[in-house]
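By written order: A, B and C. Residues from 1 in each chain.
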Amino acid sequence: MTRLNPRPHGRFFAGLSLLLATGAARADYTWNFPTPVTPIARDTLNIHNEFMVIITVLFVVVFSIMVYSMVKHRKSSGVEPATFTGPTGAFQWFWVLVPFAILLFIDFVLMGIPAFHAVIEMEDTRTKADMVLKVTGLQWKWQYEYPDSGIKFISTMSTPREQIEGKEAKGENYLLEVDNEVVLPVGKKVRVLLTSTDVIHTWWVPQFGVKRDAIPGFLRETWVRIEEPGVYRGQCAELCGKDHGFMPVVVRAVPEAEYAAWVDKKKTEMAAAAAGSDRAWTKDELMAAGKAGYEKNCAACHQAEGQGLPPAFPALAGSKIVTGPLLSPEGKLIPDSHVDRVFNGKAGTAMQAFKATLSDADLAAIITYERNAFGNNKGDMIQPAQIKALR
Amino acid sequence: MAMTKTEAAGAQEWTARPNCSLTPTARRNLVCGILAISLLVSGGFLLAGAWLVLPFAGLELAALYIALRALDHADSASETIRLEGDRLTVTTRFLGRDNQQSFSTAWARVSLEAGNAPDPLICIRSHGRSCQVGRLMTPPQRHQFFSDLSRRLRSQTVKPN
Amino acid sequence: MNTATHTLDPHAGHAHHPTGLMRWLTTTNHKDIGTMYLTFSLLMFFVGGAMILAVRAELFQPGLQLMKPEFFNQLIGVHALVMIFAALMPAATGFANWMIPLMIGAPDMALPRLNNWGFWLLPPAALLLTMPFILALFGIGDGAVATGWTLYAPLSVQGGIGVDFAIFSIHILGISSIMGSINIIATLLNMRAPGMTLMKMPLFCWGWLVTAVLLIITLPVLAGGVTMLLTDRHFGTHFFDAAGGGDPILFQHLFWFFGHPEVYILLLPVWGLMPHVLSTFTRKPIYGHTAQVYGFIAIGVLGLIVWAHHFMTAGLPVPALLYFMYSTMAISLPLAVLFFCWIATMWRGAMSFETPMLFAVGFIVLFGIAGLTGLVLADVAADAQYHHSYFVVAHFHYALFAGGIMGVMTGVYYWLPKWTGHMYSERLGKLHFWLTVVSFNLTFMPQFFLGLAGMPRRIPDYALQFTEFNAISTVGAFVLGLSQLLFAWNIWRCVKGGDKATDQVWEGTSGLEWELSSPPPYHSWDTQPVIKSST
C-alpha cells in the first residue's frame, strides 16, 4: 500500500508540530505499514488491512447499537426502564447466540485461515533458500556474516553524536544510517540466521515484514526475498540496554551482478586487512587508527575522553587495568590484563570479547591508543603481529 | 446464622452458630483444586528446568491452608442454651474459650437489652448474675428465640403451682 | 433482588478505636484499610505519571534533550512497575476491602490482621523500587532497574543494583498480593450473608474471586522466576545462560505465565464493577448475571494458557505459534459475552449520565478498541510487524489505562458518596471525564500509527518520520497528566465536605451496600442481614 497523502487534518497536525518543532521536522509520517518489498511483508500488509476492516466494522456495528440505546433510552425522555435480565424463549436465545456465531466465524475462519497460511509461509525458511546471511546482535551494533563467501563485518550507527545532542542539524536518515550496510541480492531467497553474543536483540526491517529475536547461545531464523532494489532501514526492537535506540539495521538490495561485484570488492578489502596484521606499524599509525577504532567501538560506553560512566562502564583514564603490564615476558596473555579484557571481554557485563569482531590491526591500534591517550601515557605499543600470535 | 433447636424428653436446647457460607466439602474441594492446578503448573516448570517455582507454590499453599484453619477457629464459635428441668444452662464459646453459666428457671428473668451493640441482645438475669446471648443470631431469630424462651420459662414456672 | 431485613442505625457502633497515626498503623477495620489502599494508589498514580511525563517530554522531539538513554530506560521500566503494582492493583484491592464486606453483608474481612499486614508491606516495596534513583544521586549504584518491567534475562543479569532492588520489591509486593488474595477468597466464600448463594453473589465480588484465584496460581511462578534471576546474578547458577546450559527464553515463559493473567488480574475487578454502575444509571437490573460469571471464569482459564503470545517473535516452533494464536483469539468469545451483557443492560433502560456512567461508557468504548486490536495482535504474521512496536504500547494502554484506570475512576465516582457521605462536584467530575477521554486518545491514538510506521518501543530517540505523531502524543500526555489533578482535587473536596449523600446515593442502586448509611458506620453488618430467597 502506498503512503497516503496528508489529509487536511494531517496537514493541521503536521503544521502544529512544525510550529512546535525546533529542528527541521519533515511531514513524512504514514498511517499504515511502509511499502512492502518482500512476499511476507505484502502478505502481512494484506492481512493487516483485512483485519483492520473487520475490526472497524465490528467496532462501528457494536457501538452504533450502544449509541442508539444511549440516545433513545434516556431517563430525560421519560421512558420506563425495562426489567428483563436475560433472554427468554427460543427466539430471544437465537438472537443472543447469533453474534457469537458470527464472532466464531470471524475468529477462526475469516481471520484464522489467512493467518494460518501466513504463519506457515513465514516460518518456511529452508525451502529453496539461495543463500544464508548470519546476523549477530552485539551491544549495540550488528555483525553480518556471509558463510558462502566468508565476508564478515560489523555495522554500527554512523549518525554523529552532535546530531543527537542537537548541536548539528539532523540528517535525512537520522539514527537510521550505518557505516557498513548489509548488501543483499534482489530476488533471492535469503535465509537469515540470528544469534547474539550478549543480551537479546531483535532484528527488524519494517519493509521486509519480518522481526525475529537474536538470542544469545541460540540460533533463530527467518527469511527475506527482496523484490525491489533500494535501501531499507530498520532498528533493533528489543530493549538491549543503554544504546538500544541507536543500533539501526540498514540493508541495501542490489541486482545480482552488482551484488557479485560487491562480494569481490569486500573480499579484496578483507585480504588487505589481513595483510595489515603481518607488517610492522609505527606508533603514529597505530594511534591514528586506534582513535578512529576507539570512537567507533568503545566510546559509547567508555566515553570519548575515557572517563567512562561508572559504575556500569568504568573509566579507562588512569585505570589500573589499562596502565598495567601489556603482555607477559614470553609474549603471552596475562589473565585480567588490559589485553585480556579487550580480547575476551568480561562475563556478566556489557564488555564483549572483541577478538571475535575486530581485526588484528584494529585491536592493536585500539589497545595502543587506550594505553597512550586520556593522560595514560604508558609509552608502550602492541603490534598486529603480536595480536595475531595470541589468537 | 445457623440456629438449631432440639427437643428431648423434658429438655430443650437452642444452638446458634455463626453463618459459614463455606461448607467443609466446598473448602476441601477448593484447596484440592488449587493444589492440583499449582502442582500442574510448578510441575511443568520443574520439567522445563525452573525448579524454583515449586517451593514458592508450596509456601503459598501452606499459607492458604493456615488461613483456612484460622477461619475454622473463628467458625467454631457457638451459643447453646439448654433448658432441662429447673435448670437453664447457657454455654458460649468464642475464639475457643468456653463460658458456662447456670440459672434456675424459677428465678431467671429474660429481657431484650440494647447495650453496646446496635441491636438488642437477650439478657438473662438471676441473683445479680447475668449473661447475654444472641450475638450469633440474626435479629428475627433473636426475637423468635426470645419469645420462645419466655413462653417456655413462663409455662415452667406456672406448672408446679 | 437482595433485600436485607433491617438497616442499621448510622450513629450506633462508633465504638472505641485508636485515633491519629496509631489508628492507621494498627487498624484491622476493612474500611480504614480500604481507604489506605486507595490513598496509596492515588499517590503512586501521580508518581508513575510524573515519570512517564518526563519520558514523553524527552520524546517530544527527536534528539536527546533532557536525559541520557540509561536514565530513560530506568524511567520506562519503573513507570510500568509502579503503575501496575503500586497504582492499579492497590486500587482494586482498596475497592475490595471497602466494598466486599458491605456487599455480602459481612462485618469485616475474614482475616483482619492479615489485611493490615498486606497493606503495610506496600509502602516499603514501593520505596525499594524507587530508592535506587535516590541512591544514584549519592553515587551508590547506577540507578533503578533499566530493563523495562519485563526484566528479560540476560539484560537483567547484566544490570546494576536496581535489578536486585526490583526483585526484592516484587517479592514483597507478591507476598502482599497473596495475603490479600487469601483474605478475599476466605471472605467471599465463608462470610456471605445467609441466603446469598455463590450465584447470587454480586458481580464485583465474582470478578475479585477469579482475580484472587489467578493471583494464587500465577504468583509463585513470578516469584520463582525472579528468584532464579537473583541466583543467576549472584550465586553462579545458569538458569538463563546458554553457556551454562540454560535458556533466556525460559525467563520469558516464567514471566509471561504470570504476566498475561496479570492483565486480567488488573481488569477483572473493573469488569465486575461495570454491570453495577450500568444497572444503577439505567435503572434496570443487570443483564446476564450468570453469563458474566461464567465469562469471568472462562477468561481466567483462557488467561492461563495463552502466555507465549507475548513473545511470538522469539522463534517458537510452528505448532506452538498456531496454538497460542488460536487460543488467544478464543479469548474474544468470553470478552464478547461481557460486552454483550453490558450493552444489553443499557438497552431499554432509563439512562442518565452522571460522572460514573460517563466513565463507564468511555471505558466500554475505549476498552473495545483494546480488545479489537488485541484480536489482530494474536495473528502471528501480523504480530511480527506489531510486536515490540508502539502499536503494542498503544494497545496495552487502551487496555490498562482506558480499561483499568478509567474503570477505577468509574468506581471511585460511583462509591465516593457512599464512602464519604458527600456528593462530589458533578461539574468537576464531568470536566475531568471529557479532558481525560480527549487527551487519552490524543496521547495513544497516534501511537498506533507510530507502531505501524515502524517505531520500536523503549527508544529514547527516534528517526525523523516519527516526529509529528510523537509531538502530538506528548501534548496529549501532558493534558492527560494535568487533568488528573482535577480528579485528586475533586476527591479532596468530597472528603472535606459537600452536599449530603442519601443512603441510596443514586436513584437506581440495588444491593446490600446501599442499605447502609452514607458514610457507613465504622462497624457495619455487626449483625448479619439475610438475603430473601426471591430474586
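In the analysis below, a contact is a pair of C-beta atoms (placed from the backbone, for glycine too) under 8 Å apart; a residue touches a chain by one contact, two chains touch by 3 or more.
None of the values given here were measured: they were computed from a predicted structure.
Student: Classify the chain contact graph as line, ring, star, complete or other.
Tutor: Graph shape here is a line: each chain touches the next, no loop.
Student: Name the two chains that are joined by the greatest number of C-beta pairs in contact.
Tutor: Top-ranked chain pair by contacting C-beta pairs: A-C.
Student: Report the chain whose CA-based centre is farthest from the CA-based centre of chain A.
Tutor: With centres defined by C-alpha atoms, farthest from chain A sits B.
Student: Need the CA-centroid distance for the pair chain A / chain C, whole Å please.
Tutor: Taking the average C-alpha coordinate of chain A and of chain C, the gap between them is 33 Å.
Student: Find the geometric centre of each of chain B and chain C from their Cα atoms only, then give the gap between the two centres in Å, rounded to an integer.
Tutor: Chain centres of chain B and chain C, defined by C-alpha means, are spaced 37 Å apart.
Student: List the centre-to-centre spacing of chain A and chain B in whole Å, with centres computed as mean CA coordinates.
Tutor: Between these chains, centre-to-centre, one finds 67 Å.
Student: On chain C, where are the residues touching two or more other chains?
Tutor: Residues 247.
Student: In the complex of these two chains, what residues of chain C are touching chain B?
Tutor: It comes out as residues 5-6, 8-9, 12-13, 15, 110-111, 114, 178-179, 182-183, 185-186, 189-194, 196, 213, 216-217, 219-221, 223-225, 227-228, 231, 239, 246-247, 250, 253-254, 257, 521, 526-530.
Student: Spell out the part of chain A that touches chain C in their complex, as residue ranges.
Tutor: Interface residues on the chain A side: 13-14, 16-17, 20-34, 40, 43-44, 47-48, 51-52, 55, 58-59, 62-63, 65-66, 69-70, 73-76, 79-86, 96, 99-100, 103-104, 107-108, 111-112, 115-116, 118-123, 163-166, 170, 172-176, 198-200, 202, 204, 206, 209-213, 215-218, 220-221, 233-246, 309-312, 348-350.
Student: Quick check: in the complex, which residue numbers of chain B touch chain C?
Tutor: Contacts found on chain B: 1, 19-22, 26-27, 30, 34, 37-38, 41-42, 45, 48-50, 52-57, 59-60, 63-64, 67-68, 70-71, 74-75, 116-119, 138-140.
Student: Using the touch rule from the top, collect the residues of chain C that touch chain A in their complex.
Tutor: Per the stated touch rule, the residues are 60-65, 69-70, 73, 141-142, 146-148, 152, 154-155, 157-158, 160, 233, 241-243, 247-249, 282-291, 311, 313-315, 318, 321-322, 325-326, 329-330, 332-333, 336-337, 339-340, 343, 346-353, 361, 364-365, 368-369, 372-373, 375-376, 379-382, 384-385, 387-389, 449, 452-454, 456-469, 471-472, 475, 508.
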